[in-house]
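The chains carry the letters A, B, C and D, assigned in the order they are written, with residues numbered from 1 in each.
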Amino acid sequence: MSLLKALRYFFREAAVNLLRGWKVSLLAVLTIAVSLFIGGAFLLVSDNLESSVERWRGEMRVVIYLKPETPEADLRRLAAEAARAPGVRSVEPVTAAAARKRFQQVFPSLSNLVAGWQEEPLPASLEIGLDPRTAGSAPGREAWLASWRTRPEVSLIDDDREWLGQLATAVAVVRAVGVALVAGLLGAAIFTIASVIRLTAYLHSEEIGIMRLVGATELYIRGPFYVEGLLQGLIGGLMASGALWAGYQLLHARGGGSLFSSVLALDFLGVQQVAFLILLGGAAGLFGAVASLRREAL
Amino acid sequence: MIQFFHVSKSYPGGQTALDEVTFDIPRGELVFLTGASGAGKTTLLRMIFREEVPTSGQILVNGRNVSAIPRSKIPYLRRTIGVVFQDFRLIARKTIFENVTYLPQVLGVDLQEQKKLAYQALRRVGLAHRLNAFPPELSGGEQQRVAIARALINDPDILIADEPTGNLDPDLSREILRLFLEVNLRGTTVILATHDRDTIQRVGGRVLTLDHGRLASDQELVGTDPPTLDPLAAEAATQVPEELLPAPEPPAEEIPE
Amino acid sequence: MIQFFHVSKSYPGGQTALDEVTFDIPRGELVFLTGASGAGKTTLLRMIFREEVPTSGQILVNGRNVSAIPRSKIPYLRRTIGVVFQDFRLIARKTIFENVTYLPQVLGVDLQEQKKLAYQALRRVGLAHRLNAFPPELSGGEQQRVAIARALINDPDILIADEPTGNLDPDLSREILRLFLEVNLRGTTVILATHDRDTIQRVGGRVLTLDHGRLASDQELVGTDPPTLDPLAAEAATQVPEELLPAPEPPAEEIPE
Amino acid sequence: MSLLKALRYFFREAAVNLLRGWKVSLLAVLTIAVSLFIGGAFLLVSDNLESSVERWRGEMRVVIYLKPETPEADLRRLAAEAARAPGVRSVEPVTAAAARKRFQQVFPSLSNLVAGWQEEPLPASLEIGLDPRTAGSAPGREAWLASWRTRPEVSLIDDDREWLGQLATAVAVVRAVGVALVAGLLGAAIFTIASVIRLTAYLHSEEIGIMRLVGATELYIRGPFYVEGLLQGLIGGLMASGALWAGYQLLHARGGGSLFSSVLALDFLGVQQVAFLILLGGAAGLFGAVASLRREAL
């Protein structure tokens, strides 16, 4: 038989078996889908967490608070000076008045409190956006900051990098844990899929024995089962992707501008990742079939 | 065609199924294999297509040492041997048609030809109308006949039938036996394991008798009523083992209509 | 004991297995059920212990309408019926001992008693030495005998045996038949489905013949050689259906030793 | 048969079946163990995350930075005053010198930089620990803070609560996600276990059919399978707990004082939770067996 003919035979047989044994197939496919769904959900979450971290990184700032008495002209001059430093992406001078306005916007309930003050309650400041690529560790950055600290106009430097440094460790932890989790979950998914396919193979061990006795070669005996495993895995992967997408849409629809969307549900998985998930299902199904049809296993 | 040299077989449990069995079946012969329940008939047949391997001794099929065939070549041996298993061994998930045409399909025979072959084989056993049923939907005798059709479809060099008429009524049994003789006439070596002494006596031919794993006798027997297509040239009658002697019985009484 | 009133059965596939079958088997009788392959014998027997339900008609077993028994009560019906299935139906994962004693165990018989029962039952079929084997390790005939032992162990009111000697040699068949007659003598109603015309003619008794699902005849037959323990009082010979007439054959030739 | 005798029969049969079909049993048990392990790992992580958050909550502070020129006596006076406010758990006055020392300890590489300065580079401050129970939302807290802000000695107030407020939302998200995840994972685990048990039941459907034909009641047919499922689940749960404990020990041993231990691996699961995990396995196995042996299913 030519390879093409053989493949056609495998696929036809596999399809027929899937349909005739639909109860078992459905069970297998659903289990695979559940496993991949969990794995995919983690991929989704950890992806988005990572991109959140990237975004935060991009927004990393150093805020230089000036002494209350600093005139606005000094503020502009200092801003221009800060902007010349290497690794500085943007400098936004915030006058005391602007700071108060912002405070009133952010905490409207407290705005009349602030309004009652005689002098400007908040100091003017320079909000310096750092280049995210070098934000954490540009050489000379510490010395540069220290030189600012000694200036008479500066009262305090609030360095986002300090807590971003902490955040970075937290993020590193989350990422490490996330990678471990996704790996672990996908590993578990593959194991589960292989187990399930193997269990279904036990159901067919008698049939396989008969095929051997009748004179079929191993390739022709196993081909259909391999394809069956592959198809079950692919279908499971498709179902998992569909369910993920539905879940994502649901979250988006319900928690549009809420916590979720801000921290997690930014983007759906990319095409490659969805393809990866589906192919992973297929690969696990195939692997399970291959593992379970080793001669000794039956 | 099939030669056994001092073949013994002990199962792991300690059962000795065969004990130093030696015989030689030339190409084109039809041989009956008989013996009490548990005598080792099925074990002997299984070794021919290497479902079992002997504990000691050698088996040559078509000149090849069966035990020495590498695993990957076993299917090619089996394709030349049609087997009717004592327990049928039909694939429950496949239809009768698919069961019968399984080997041709694997061999790449095209569908039209498969259909023709299946129809012919099933008509010979009287089951052409049940092509699309599944084995569990058939009666015991029907399943047995499907197993026979499957064994014959590939025009095998050797036909092995293990108790092929145990679930068939006498008329059908006779039909099936005629079929086997016909196949034999066309050159196929046939080995029939059976308990049916009447058939053996009627048809005659070479009879191997097993007793507790030993080959108790290997003799030619002249049939009392050989079928019309006389496949075996008349040969001198020879000794018959005691096992084959009918129990003392009065002649069958003519029953009034 | 067992009454069929116009019982018909069509399988979902469109096969009509039984067609308006009516008969009455009194308590303690031994009845042969015969007919060609696919005539409906197994289907008929299955309805008695409600593995199948009729499409139309009524079946009374021990005065109860079998189709109307609630599901939860079916086991109690089945416990009073010992069945030898055509395909044996042994539990592959359980040993011979466990297979044979399954029902006593479920009924709470203690182990010592179970062992005694199993030993007795298996000795009757000549298999007491294989207590700890698993069914796939037995020959076809041995499995059949285990199935027989299991059917007998509970001393059933009704014994149903579907082709119980199809895998047994004539000597063993005779043995088993004697066993059934013995059981029948002790009051058990016995129904034997068989293709073995010789046995029927030898033993004699009531014979139901099916033909394509219809009850073609229901007649008493005088045995030509009833077993030594004559369970059936001699009854007047009656008509025999054509199916039971032996094919025209010359008398069995005496084979020289 | 008495109930006790019946139970003994069920257990003996189940044990025999487990041993005779050990290949299938092992596969089922391992799959169950993997599912429960993943679920348990999440329980462990989310538990510890939550207690971390509790701890952080307990450490929540408001830092009041004073103007550089504020004398130390004022610092003490203000500290005493702050301590009298309701909801304040502790007040630690940090002098400018102490702040510098602390800075030098935290950033030893920059210490000589700081040493070179003439005046104290960092302002004195009051570190006010808040009562965790009311930290987030004590009434009048805002007004109280605003009153501090207007004092001449105060230059700036760094309110942990601001970022803890953000943290709180993040934590709420994490917790919600965590609960959802653990629930989802446990759900998936139960589904997987039930599927696996059901698949093994398919393997026995012929056997069950025979038992029915021979006259066994449903209870006696199913009892052993129920117990088999239960035992498989329990064994799986035990294995999962063991693996979790081993993993926890490994993490602890390797990452003693590192990120992991600080953020996550604080404590192992409590006895109740381990018991919960094991029982969950048993329950899932039993549930799977019950679901898979419904008469229609076979």
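The rule is simple: a residue touches a chain if its C-beta (ideal position, glycine included) is under 8 Å from a C-beta of that chain, and two chains touch if they have at least 3 such contacts.
Quick caveat: nothing in here was measured; it's all calculated off a predicted structure.
Participant: List every chain that touches both chain B and chain D.
Facilitator: Correct list: A, C.
Participant: Where the CA atoms of chain A average out and where those of chain B average out, how many Å apart are those spots?
Facilitator: 65
Participant: Report the inter-chain centroid distance for chain A and chain C in whole angstrom, where each centroid is the mean of the CA atoms.
Facilitator: Taking the mean C-alpha position of each chain, the two centres sit 68 Å apart.
Participant: Averaged over CA atoms, how far is the centre of chain B from the centre of chain C? Could you give it in whole Å?
Facilitator: A distance of 27 Å separates the two centres.
Participant: At which residue positions does chain D touch at least two other chains?
Facilitator: In chain D, nothing touches at least two other chains.
Participant: Residues of chain C that contact two or more other chains, please.
Facilitator: Not one residue in chain C touches at least two other chains.
Participant: Looking at which chains touch, is this a line, ring, star, complete or other?
Facilitator: ring
Participant: Hey, which chains are touching each other here?
Facilitator: Listed by label, chains in contact pair as A-B, A-D, B-C, C-D.
Participant: Which residues, counting only chain D, touch chain C once they are in their complex?
Facilitator: Where chain D meets chain C, its residues are 1, 5, 9, 17, 20-21, 204, 207, 210-218, 220.
Participant: Spell out the part of chain A that touches chain D in their complex, as residue ranges.
Facilitator: Where chain A meets chain D, its residues are 23-24, 27-28, 30-31, 34-35, 37-38, 41, 45, 65, 68, 107, 109-110, 113-114, 117, 121, 123, 142-143, 146, 149-150, 155-156, 158, 163, 169-170, 172-173, 176-177, 181, 184-185, 188, 191-192, 195-196, 198-200, 202-203, 259-260, 263-264.
Participant: How about chain B: which of its residues touch chain C in the complex?
Facilitator: For this pair, the touching residues of chain B are 11, 13, 15, 34-38, 41-43, 86-87, 133, 137-142, 144-145, 162-163, 166-174, 195, 197-198, 201-202, 221, 224-225, 237, 239-240, 242, 244-247, 249-253, 255-257.
Participant: Note which residues of chain C are touching chain D in the complex, please.
Facilitator: Against chain D, the touching part of chain C is residues 49, 51, 72, 74-79, 81, 83, 85, 89-93, 102-103, 105-108, 150.
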